[in-house]
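Across the two complexes that follow, subunit A remains constant while its partner is subunit B and subsequently subunit C.
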Partner chain A sequence: MADGRGTIRRRAGLRLWLAGGWLALLALAAILAPWIAPADPLAQDLLGGRLPPIWVRGADPQYLLGTDSLGRDVLSRILWGARIALIVAALAGTATALIGATLGLLAGFLRGWVDLLISRLIDIWMAFPPVLFSILLIAVTGPGLGPIILAIVVIDWTRFARVVRAEAMAQGAMDYVASARVAGRGRIGTMLREILPNVVPTIVVLLTLEMGISVIVEAILSFVNLSISTDQPTWGGMIAEGRTSIHQAWWVLVFPLIALFLTVLSFSQLGEGLKDRFDPVLR
Partner chain B sequence: MRLIRQILLRMLTTAVTLIGVAVIVFVVIRVVPGNPIAMMLPPGATDEDVLRLTALYGLDKSLPQQFLIWAGGVLHGDFGTSITSRQPVLALVLDRLPATLELSIMALVIAVLIGGVVALTGTRSRDSGIEAAIDIGNGIALSIPDFLWGLILILLFGVLLPVFNISGRITPSLPLNFVTNFYLFESILRGRPDLWLDLISHMFLPSLALAIPLSAIIGQVLKQSLKETMHLDYVTLSRTKGYGENHVILREALPNAILPTLTLVGVQFTFLIGGTVIIERLFSYEGLGNLAIDAVINRDLPLIQGIVILFAVIFTAVNLVVDLLYAVLNPRLRHG
Partner chain C sequence: MSFLTIRNLSAELKGHGVPLLRRVSLQVAAGEVRGLVGESGAGKSMIGKAILGILPRAVAITGGEILLDGVDLLQLPPAQRRRRIGASAALIPQDPLTALNPSRRIGGQITDRLVDILGWQRARAEARARELLAEVQIAEPERVLRSYPHELSGGMRQRILIASAFAAEPRLIVADEPTTALDVTVQKQILKLIQAMQARHGTALLFVTHDLGVVSKVCQKLSVLYAGMVVEDTEVRPFFAGPKHAYSAALLAATPKYTDPAASLQPVPEAVIEAVRREVADADRRAGHG
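Showing the complex of A and B:
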């Protein structure tokens, strides 16, 4: 079986490098967007609407990936949209992880009524259709970056809470926890010093996956026109526009879709790759 | 006795969950800024009109009072009146429910078919290049959510190679003399291929988009438990009896490997139903999800409430059915 494991590790390694590479590239593009974007992402060119990408006949070399119906440069909008996508991914992912993992840790380690309360909440949350719930929350709070992050945290905390709770329970039953207690460590101390370090790998994996989910949620909300304000280019907004003009200008949909696809795939492959790395059996 | 107690306990937690959902939706949508009453009156309406209508919809009472009135109505099957269309919420919702159910079930069937074939192929050719390729394919199918699959399918089979419809549920020019709203089911029963072929042409891409992530999960889990079962003694025994590989996999290993997949499919099926909200929007499919998004945009409070509750009821019902199925199929639980 040694050979089999070797292949798995090599494949996992390649996967981590490809996923990490794309995300690093994207982060770089997002940071440098104001300098490398060939045009103003909001500048309209009403005479140059729906120009195809440069390798298609009838293109304008000024617009590498073509323009949308208002004559805005698709490439520049993708680069600026990467900013929103990555900001949402980082902030919403981290906030969700913090809140969800804390609740899961408390429920799994303290047990008793805390666990009962948190588990009931998780059950209730699991009975909500998540997309509808997020749309509802944004309708209540109004669009914007803050509300989107809030909506993601409110909806997705259960992803962390469920897993971390189970893991904390399993860890809490182990001998080393009992000996820490015997050695005189308090309950909260045991939770933070003994249990938490052992669930961190799981949290990191879930966080990576959550970042990908956040990017999608933002795109879905933009798609139903409920995301950031319309004068911020977002991938979801571009996709919504592209969907309506799909028969006249495929490139308005295709390029942001490719960016979204690769980003979501990379986050999840990064998460899966890390999971394998952390798994003692495969290591 | 133990079974009865478990069922009772289960029903109690289900009730708590549903009440919890109702309370949360109730509170969340009443924080909505913007007065829905003012929106439904024509310009030039007096303050008196606004007050009268506010009272009519019970919006002048305190929040707990409003909730109790609403909950009392729900127990009598009255979910209130939609603010935008002024029809009973229950009628509107039940009108759209069949469309969403048909879409979800079609997606489930597709997912089980693809996932099953993938798992069986993977088991048949285990430890080969084919299995490695299946694993990679599963990994990608799992990572990409239904929304993105929907967009990709629209591009591939709606635009690049336009073989399927990408918008609506049925071609409106067809004779739509349906008795029920289960269009697909009814047209198949009535033996009307002109209708059901058109329906399937509309439903195929959205249901495939919903099915792809689930089929990857089924493929992965079923393949894993098949592989584990293949090492068991009784499987080896049947192999020494001279049965072929296909017989061993299908007749001996599969019945025992199917149980872990079943529980998983249950939970995942609720995710799939939740996914119909955005997929219906993407494909302009006239189901519950599309109605829900319109209701949110129009601030139609009673309608939003009714739809979210209905989704919660469907989710808990699916989980209940899966648990019962599991108990029935698992001999160890039956006699425990």
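Showing the complex of A and C:
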């Protein structure tokens, strides 16, 4: 028994460290981008376009990961792109969690007509195809950081609402809730003092997953040219540009793709690792 | 004058009209222990929940009154009812594993009620919690107060729940099968503890159980339920000498006896069940006409 527990904990620990490490590194890079980026991410050098990364023949040692077709430094653009990715992840993730979890908690604990209203809203909401929905939204509001975050919140709040609702319902059936009610606690008080602390772990796990999803959504919207304005480097935008020159300059596509992949993977692994940590049986 | 008086309490499943309680009447005098027995689904827990105002959403009370210290709880507005119940009644729940909030420390769970609902000073509430844990024979109360529920055993948690129920010196405690979820050796200790606490504090106790052996040890009065109807309401001593109702007698015969294992564990005979069902139907008909 003790051995089994130990292994599970150690594996969860390693996963947490790797994922957390990558995200911490990325956050650092995003914050320090203006100082550590070797070049201006927007500076074009039309004569030095499509230079390969330094370990490939014909490279310019000034450009570590090569340049794109306009001669812009790929590494610098990835570092600056991390800023947008992390800002979107943090803001959109948190806003989505707040709105979705609040509605889910209300529906799951208060039940009755509140639940009926919120549940029907979730059902209706989920009938919309999310990507079309967000494209439509941004077509109306125009591109920019705010609209992107808004689009993510509008699409994804149902994810939190559904899970938190189910969790709040399960917790609401426990005897400790009945005891609190007998002792004279009102409904809202019971919800905040008794139920909420027990759904927080679920919310945190979902939040990390949602941050990964936000990064992807931002990339998708950049890819269809609906993200932040084009004079700000984003990973999605880089992937979209790199796609057109994949045969001549694979590095323009591959490096931002790797950054995106590792980041999304790290967020989801962080969520999984935290879930194990929070599990009272394994704790 | 009884502290708790229930008169003709009826309840049904909302929207289906399925009767769950049929004109239940019972009384618990101050300081008295009444057992509430019956098969699963007879409605014994339902009565306890109705008193404490924690009936499931799907259950509606359709008639009758629940007088707590002379005031009909069912006539009070919700907030007032809650305050009244909180100040004078408490619950010892069935399952100690789910009856404590897993993400909060024990100390807060005991003192919160005293501070938030009864307006005690925090220091006084904490002193009271320590005192209570000592009273339910928990060693190292300081450490336990700082613990989370998952760090404690089932028996320990049930002791804490008992302490917590007595914390505000309620005049009535509903014990909803408080020993069912525990293993046999712990059951005995917990039962003794509840008995001792009840005697010391002079609290009225409504003891919901399916175990007649427990009733014979703990209770003075007894109500036997079948299909949400009280079929016998009596003193414990004469009941065990010879129950009046055929169903009660059959229930008693179904109780395991260590002295005579072969003769015990008899299922309730078909004929008895049919008879009691007829009785329930007759009572329904009379109530329908009257």
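Just so it is clear, the second predicted complex is superposed on the first by the 278 of 283 C-alpha atoms of A that agree within 3 Å, B and C clash if a C-alpha of one lies under 4 Å from a C-alpha of the other, contacts with A are read in each partner's own complex, and residues count from 1 in each chain.
The definition used in the following text is that a contact is a pair of C-beta atoms (placed from the backbone, for glycine too) under 8 Å apart; a residue touches a chain by one contact, two chains touch by 3 or more.
This is a predicted model, so every value here is computed, not measured.
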Checklist entry - Clash or fit: how do subunit B and subunit C relate after the overlay on subunit A? => result fit
Item to check | Partner with the higher number of touched subunit A residues, subunit C or subunit B | outcome: B
Next on the checklist: If we overlay the two complexes on their shared chain A, which of subunit B and subunit C does A:Tyr176 touch? Say first, second, both or neither.
Outcome noted: second
Next on the checklist: One more residue to check, A:Ala127. First (subunit B), second (subunit C), both or neither?
Outcome noted: first
Next on the checklist: According to the stated criteria, A:Pro197 is in contact with first (subunit B), second (subunit C), both, or neither; which is it?
Outcome noted: second
Checklist entry - Of the two partner chains, subunit B (first) and subunit C (second), which one does A:Gly112 touch, if any: first, second, both, or neither? => result second
Next on the checklist: On the A-aligned overlay, A:Trp17 touches which partner chain: subunit B = first, subunit C = second, or both, or neither?
Outcome noted: neither
Checklist entry - Between the C-alpha centres of subunit B and subunit C, what angle is opened at the C-alpha centre of subunit A, expressed to the nearest 10°? => result 90
Checklist entry - Between subunit B (first) and subunit C (second), which, if any, makes contact with A:Gly184: first, second, both or neither? => result second
Next on the checklist: Rounded to whole Å, what minimum CA distance do you find between subunit B and subunit C in the overlaid structures?
Outcome noted: 14
Checklist entry - Which residues form the common part of the subunit A surface touched by subunit B and by subunit C? => result none
Next on the checklist: Can you tell me which positions in subunit A touch subunit B when the two form their complex?
Outcome noted: 4, 120-121, 123-124, 126-133, 135-137, 139-140, 142, 212-213, 216, 219-220, 223-224, 239, 243, 246-247, 250, 253-254, 257, 260-261, 264-265, 268-269, 272
Item to check | Interface residues, subunit B side, partner subunit A - complex | outcome: 13, 16-18, 20-21, 24-25, 28-29, 31-33, 127, 139-140, 142-145, 147-148, 151-152, 154-155, 158-159, 270, 273-275, 277-278, 281-282, 289, 292-293, 296-297, 299, 304, 307-308, 311-312, 315-316
Item to check | Complex contact set, residues of subunit C against subunit A | outcome: 49, 52-54, 57, 79, 82-83, 85-87, 89-91, 93-95, 98-104, 109, 112-113, 116-117, 150, 161, 164, 168
Checklist entry - Which subunit A residues qualify as touching subunit C in the complex? => result 111-112, 174-176, 178-186, 189, 193-194, 197-198, 200, 280, 283
